[in-house]
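Listed below are the structures to be examined.
Both complexes below contain subunit A, partnered by subunit B and then by subunit C.
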Partner chain A sequence: MTPTDHAQRLQTRTAWLFVAPLLVILFAVAIWPLARTIFFAFTDAYLDDPANYGFVGFSNFVTVWEDTIFWRAVSNTLIFTVVSVAIETVLGLAIALLLHRAFFGRGLVRAAILVPWAMPMVVSTRIWDWMLNDQFGLINRILIDLGIIAKGIAWTADPTLLLGVVIFIDVWVTTPFMVLLILAGLQLIPEDLYEAAEISGVPPWKCFWSITLPLVAPAIGVAMLFRTLDALRMFDLSYVLAANNTNTMTMSIYARDQLISFQDLGVGSAASTWVFLIIGFIAILLVGLLRLDRSQH
Partner chain B sequence: MAKRYSNATYRLIRRLKAAGLYAAVALVLVYILFPYYWAIVTSTKSAQAIYGFSLLPSLDFSNYAQLFTNRVFMGALVNSIAVAFASTLIALVIGVLAAYGFGRLHFSAGRYLLIAVLMISVLPQVAVLSGMFEVIGWLRLYNSSGALVVSYLILTLPFTTWILTSFIRDLPVELEEAALIDGCSRLRILTHVLLPLMWPAIASTGLLAFILSWNEFLFALTFILTDENRTVPVAIGLLTGSSRYEVPYGLVMAASVTVTLPLLVLVLIFQRKIVAGLTTGAVKG
Partner chain C sequence: MASVTLKNVSKHFGIYDVIQNVDLDIADGEFMVFVGPSGCGKSTLLRLIAGLVPVSSGDVLIGGEKVTDVPASKRGISFVFQSYALYPHMNVSRNISFALETARIGKAEIAKRVDAIAKMLKIGHLLERRPRQLSGGQRQRVAIGRALVADPEVFLFDEPLSNLDADLRTEMRFEIAKLHANIKTTVIYVTHDQTEAMTLADRIVVLNHGRIEQTGTPRELYDRPSSRFVASFLGSPKMNFAPVSMAGGRLAGPGGFSYAPVLAAAAAPSEIGLRPEALALSRASAGGAIEGIFERMEDLGHEYLCYVRVGDGLIWTIRGNDTPPDFLPGSTVHILWRPQSLYLFDKEGARLDHGSMKSAAEGAA
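Let's look at the complex of A and B:
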């Protein structure tokens, strides 16, 4: 054995020692609970006595699959995710382009956009719930004063508006995250590209389409991936605004409801496993798309 | 063919452009900040004044007086502070150790493990809910703050590990080579050579992990059964009046401001520290 071999083996052993505590804890709080959730999905256990169970095959998965409320939750979640991520991306790009320009007080404004992002979702939800109150909410008052509506709209009570309100609040909360990631991408674009374009008389909109957008696209792609995966598991916003109202119920609320409200560990775990599989499938799809896009450049 | 304008016209165009820029920035600021401002204004209004639409705070602190004598809320505040501190501290210590292993010591499995850690961070919380219930039962932590300290590690640990790893990778290797030749152990290098340089990164990572724990809702709602063990997000979420249609908005807004303001101040303070830490970074000589 050569000395370098020995050194490499020693380093490998030391490395494992350094990461061992992380691996042990993540096994205990992530891998094992995930495995047990999938395990319980095949049993008829109840939450009050999980040690007492029998195996029931795939019947819990079928129960969830045949529940129309589950599909309602899936469609709510998908609509919420697609619409809110799309709006956040466009709005985030617009605000990032604005904040990328030089103006007096830019540092302060960049700090200010952290405000909605650092707040608990519960707090944001309750603030907007108050602002959108049908009788005493500021939004209705402004709309009435402007003559746009005649009497207050029941934003948070009207079932047809509820999902839209959820999307609206989510856009307010998470657009700053998009802005920060896109802004970081914009700062990587070399300034001389724009100088060259200006000298050759390229119009600004063409600069945007041919320089800014293609070069910032990887940053936008990564930001959209993380936002999508985050939106798919959304729980708190819908729950605080409307509890388990079927108009805004997400997949996470459905799964937790089966588990906690009905104490049904088997069906609840099957619902959780479905959520895991759906999000996992979408994640693989999106990462694949991003890779494909990268390899073309 | 480009049109030619007089100097005065150019100046006018430039001024209009600047005015447009500032108007757009003002619009963004109103959109971002006004709801929080409105929460502050509402929290300082008396129960009657709340239904008026005055845009200025009325400096009536009865909501805060009521809040600070509310035992459930004050208890929740103490619980939240304890849980967030404990979870952040553990996530930082374990995260720094792991970050050194991933960032500095080359081993073939490291890359795959790091990707696995990233995948855990996008795992939906409900996917581990049943199993986590069982783990917490085994540890006899159900309905206690300990349940949250343990379960929050799934949120904070991947996050601290990932950020600190990329930070350690950016530190120059020369720093530790001298110490290594002198026969220093790896752990000593980490604690005596790297750690003093890492504190800005640790402070900002710690703040972000703290915010993650402070704001968490799903586990806190599920693993805590009784009011005296609740954390603030759940306490605020469940804060209602005598009926569902009689929400004490003044009180809710006072609670919202109380749990957010200290964090916002910290975020603004630490933002400067992060920037300062990154600019003074680089090794000299």
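Let's look at the complex of A and C:
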């Protein structure tokens, strides 16, 4: 064995040593629970006694598949995701463009817009829940005083409004996150590109479409991917606002209901596995679509 | 093509006076170089002319017309940036034609113009590439191409060669000079490199702390610098300086320097200057020579540079192109100089005329 071989082996061993704790933790918190969930999805175990189970094949998956409430939860989640991410992206881009310009007190404004995002979702949801209360809520009071409506709207009780309220609160909470990511992307665009365009007499709208947007697109893409995956597994907001109301029930709430409320470990695990597969499929689709695996300029 | 005139132009950012009362006339078709150390305001002055930065006071005229309040795009100028400022997501062809897209001149005409420019700059084979796939020199050509396509009255260059390596810089310098000879457009070119200034310019403006120190042809500035600043800035290696004192009509300085100049009545020299190429070294003492300690010699092949310690701590450079001398470090040497190459400066750094100086007519010739 040459000295180089020895050094190489030592290096490899040291590398494994450094990576090992991470691998152990990853296995403990991600791979093992996932494997257990998939395993239980094929059994008839109950939560109070998971050791006592028998294999039932794919019947749990079929049960979930045939449950109309599950599909309602899927469609709620998808509507919530598409609409809220779309609004957050457009709003986030607009606010980021405003904040990108230098103005007095910009630093303060940047810090201030982060406040909604820094608050725990449960707190934000409760705040809006109270403000939107049909009798005592601030929002109805303002709308009545302004003469826009005659009597209070039942924002959080009216089934047709509920999903809209959920989307509204999510936009309020997470737009700052979008703003920050897009702002970081904007700041990477060299100022002299705009000066070159200015001298060439390129009109502002064309500057936006042909310079700003293509160059900030990778940042927007990453931000949308983060937000989409986050939105697809949303639980807290809907649950705090309306618990397991079917109008706002998300996939995660459905799985939790099966698992905790009905104590059905098998069906709950099957539902969780479905959620995992759906989110995984969308993630792969998005990464492919955004070509994030390829180096972008 | 157009002349450019600056009338009492000033610019301040907050409390900082970046440009102070600049008056300048640039003739139609002239190649004007702004030169100066970093922070002297040369780039700001260029941006004021371009209209990228508004003036604080004064007027900018292009082609005799006041453009002080005219936006950059309507001034008939093109700007080549130090960083090239190419659009990274567009290919070379679109980089060049981007400005024409909103000009309503039709795709065929755009393609024709891009082709003509690509041919002129020899970048025809690069048209489909993105900027990041190009070398520094190629990016530079594309940036010039983008400036050319607008068919400007005045070309503005902001340190265009400073990101290139030495060889490429020489090559591009040549190309820019040729380009100017071909298109004969007025060019204003900013650089901190005195070689670029000397080689490219019809006339040079030397800037210092936001003021014009001197304006003139490269030869005028080299032969008859108005101040110590200009004298030290132009010429490579730099001019040698030494403090002197005046007593009884005779100047005395380090190394036994002694000279009786013919001066105007109020003139009070406090410093002498001698260019490295105007000096020679000798082992033997000679009348009027300055004595020094030989420190080191650098043989560059086509020339050599000798470093000699004069007085306490001053290191002078002597440049020659004959056979390099073989002095031992530490040995005493004698620096030979001629009165007609001697520059005198007063306390404020202004150059003083003295009897033996080359005449103005001779200097300008």
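We adopt the following convention: the second predicted complex is superposed on the first by the 286 of 297 C-alpha atoms of A that agree within 3 Å, B and C clash if a C-alpha of one lies under 4 Å from a C-alpha of the other, contacts with A are read in each partner's own complex, and residues count from 1 in each chain.
Note that in this section a contact is a pair of C-beta atoms (placed from the backbone, for glycine too) under 8 Å apart; a residue touches a chain by one contact, two chains touch by 3 or more.
If you're wondering where the values come from, they're calculated on a predicted model, not measured in any experiment.
By the touch criterion stated above, A:187 is placed in contact with neither subunit B nor subunit C. When both complexes are overlaid on chain A, the residue A:52 reaches neither subunit B nor subunit C. Within the superposed three-chain model, A:120 lies in touch with subunit B and out of touch with subunit C [touch as defined at top]. Judged by the touch definition given at the top, the superposed model places A:261 against neither subunit B nor subunit C.
Shared contact residues on subunit A (touching subunit B in one structure, subunit C in the other): 201. On the subunit A side of its complex with subunit B, the touching residues are 8, 11-12, 14-19, 21-23, 25-26, 28-37, 39-40, 47, 50, 95, 98-99, 101, 103, 109, 111-116, 118-124, 126-128, 130-131, 133, 136, 138, 141, 172, 176, 201, 226, 229-230, 232-233, 235-236, 239-240, 251-252, 255-256, 259-260, 265, 268-269, 271-273, 275-276, 279, 283. Here subunit A touches subunit C in the complex through residues 190, 192-193, 195-203, 206, 210-211, 214-215, 297, going by the rule given at the top.
Subunit C meets subunit A in the complex at residues 50-52, 71-74, 77-79, 81, 83, 85, 87-90, 98-99, 101-102, 130, 132, 146, 150. Interface residues of subunit B facing subunit A in the complex, by the touch rule stated above, are 2, 21-22, 24-25, 28-29, 31-33, 35-36, 38-39, 42, 50-51, 53, 94-95, 97-98, 100-102, 105-108, 110, 113, 117, 120, 122-135, 137, 150-151, 153-154, 157-158, 161, 186, 211, 214-215, 217-218, 221-222, 232-234, 236-237, 247, 249, 252-253, 256, 259-260, 263-264, 267-268, 271.
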